[in-house]
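Structures for review follow.
The same chain A turns up in both complexes below, where it pairs with chain B and then with chain C.
Our next item is the complex of A and B:
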């Protein structure tokens, strides 16, 4: 990833050709927010920070906001809308077309042992197919190993809405170093025990033995997101919330 | 027709559990606490911008000279226009009033218009021929529950802030003065009613909350809107369906509502005073100035 100062682009702006990564073998890969207009023009479609990764010959735009657009291998939290003959309709975000989740896309599911989900229940799933102009498809099982890997129906708990950028930061492998999110570690250090699942579609599911803990985690996450708190401020916020609750 | 986004079963169950077993709300408020209420006035007279947490409402009052209704020759005209556009939430459509919208405009009508808050007789200019028509437009900019209380506060604030052009009647000639000629005059205002909405949760509505946000509104089993002014005069009580609520609980709700209305009233008064101070450029030194104000444009 480039270490220079962040470059902010606007939709339709032309991108300096010297920034575009080249490689003798690997093709250039475009991420969210960029569009290729043949033969050789690359145009941003959203406003945000242009990120160039020379090692992977890829570039994309980092932006926070807008509605979730599914892309393959994203982990999402969906809400069952209804069941059809052999799949569930799942809502990923309000007012958008539903995704489909086959009845058999669960760990060791057969026609007889598949999970029976009713409308309104939640699932943690992976986007298995996402094409433009098509409804996305989901799965709750790894197609290669046949294991759930933590995916599947979510029981109890509470879902909190966060911004898409914050959900992405939470999901980063090094969320503390790169994403500057320390709120979860801080909560854990204060002796709170909870389970968490982050959906790329801006939803965070939190569960715990104690209702108060869930509320506290939710408030800490939301406030961190809304006020765009830094690492120090996140620690302070957690301290304050924990003191209030006790 | 797009459907409104419903909370999931987990969210509904958790919210109820938190309210009933632990007595906590998701945003950490007390049961009888409002979200932070903020009011700002525009540069023009009669523009009030109210935000109650994430609910944002803009109310604009305006006046024009028209012919009074034939059956009420001595009264002016006063209307409140409420429209929920797709900007509010995607499930609201233009020109297709939803239940929420009808109930909102009906409640505002009952609270502000029918309680005689605005003296419509003072809007009459020439009996049977000319009168002021005062209109308040309510725009909901963002919907996070409790539209009624926020909208009512915005309407009252806009009307209290509004100034209509000064008029005079000489030898049967009616003159309407521009702001440059004569300072506009405030409306004839009699009392300030405010709405306070209680939401009830649980099988028998045993948990009562003030100022429910959108999520809580979707889970509640009943709601009561009480409109009253700071003297404790109740203008209306609306309980539109839902589970029955104990009479004693309702009495308690009303007494808490009165303290909230007193807070609203004090807050509005202080904001109006602050705005008047901001607009008042002069004082004594201004009166002593020799130069004239230049009329721009």
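Our next item is the complex of A and C:
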């Protein structure tokens, strides 16, 4: 549950101690964008909205950055750059070092039955290792169960670029209430059949049997993101686009 | 007693010093086609051989111990001072102290600072491969959980390696990280063979820790 009035903070600002959730047993958990300077200082490191969750005794900052910084367990859409001896080089965003995706990090892959991916193909993967000292590493299989769970190469379709904040809202569990994103549901209600994959690195992959649907979905997402439309405006946009298509 | 006559002549690398029939090669020289050439830029030193003691007396025989006349040793030393100050290079089997420069998924690049007890004048590059980090479970080693850039590591030289770097190993209990700094910037103290702890924040970080812990 977020606070009623959104509090925007700048890097280095001091936070009002009354906002910090306290619990007699649970320790306070800091999410992305906040830094703890012992003994008792909490300082934001990015500009954004401070979100406090009293139930989970946690606080973090919602921000819309320009550059994607990989963190562990993120789902991303990457493009194969080339294949090396034991792994693929995958590009997550331009002008950043490539991530590595081992050949055997796919479901039921052995040395003899490896997936043959060629440069330019898209993969939906999870970040298995990300830190500031090394290039990120990916995997297309769940580490505990060994199943793909929807990860793997993405065939056909088209990729659209969205902002990082919008991608995060799309990936939220309760995207309607918390993320204020209803465009996907609205598109589905209007009878369009499509499949979608959202990457935290600001990429959305859309696939459908009809190309018009793919373009329509892409346009709807782009316009929602660029114009920062609210829920009502999203519905209107979807209706308008569907009407144009027919 | 060996006497050292320091001739004040200088030699440049590749300069002809003498033939092997007249001199024995010492440090800073090399042999090419029975001739001695200098390998370094420095001062030429000629060391006369130790005078052999007189014939030893035994119960039955008198043995002449001086078999052949020894040749003087010619050497080229960088500093004009004593011949004790020599260029120390890491050899196979030496224990060295190094600082981690960069980590990659399959290896850690280090700069060798101290060889044995001597501080090296030049920094040599070393490589610790992922299979040389530990002695057990070599295939499941994660470099990020063993070293971080900036750590001081005690390692053993296992090979002179290739043009760029020596190959080092930390696969013994007493080898590994001896000094580490936490993400917050404080010096950490070791807890057990795989953890260092920051006393100020209380957080621990994984490392391959050297034995006195």
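Simple rule for what comes next: the second predicted complex is superposed on the first by the 235 of 246 C-alpha atoms of A that agree within 3 Å, B and C clash if a C-alpha of one lies under 4 Å from a C-alpha of the other, contacts with A are read in each partner's own complex, and residues count from 1 in each chain.
As a working rule, contacts are C-beta pairs under 8 Å (C-beta built on N, C-alpha and C of every residue); 3 or more make two chains touch, one makes a residue touch a chain.
Here the structure is a predicted model, which means the values were calculated and not measured.
In the superposition on chain A, A:118 contacts chain B only, with no contact to chain C. In the superposition on chain A, contact of A:159 is made with chain B only, not with chain C. Once the two complexes are laid over each other on the shared chain, residue contacts for A:100 go to chain C alone; chain B is not touched.
Once the two complexes are overlaid on the shared chain, A:12 sits clear of chain B and of chain C alike. Of the two partner chains placed by superposition, only chain B is touched by A:218; chain C is not.
In the superposed model, more residues of chain A are touched by B than by the other of chain B and chain C. In the superposition on chain A, contact of A:134 is made with chain C only, not with chain B. Looking at the shared chain after the overlay, A:38 reaches chain C, while chain B stays out of its contact range. The contact sets of chain A with chain B and with chain C never meet. Residue ranges on chain B touching chain A, taken from their complex, read 2, 4-6, 8-15, 17-18, 21-22, 24, 26-28, 90-91.
Against chain B, in their complex, chain A makes its touches with residues 79, 91, 94-95, 118-122, 154-159, 205, 211-212, 214-215, 218-219, 244.
Listed in rising order, the residues of chain A touching chain C in the complex are 36, 38, 100, 129, 131, 133-135, 137.
The touching residues of chain C, when paired with chain A in their complex, are 102-105, 142-144, 148-149, 184, 200-201.
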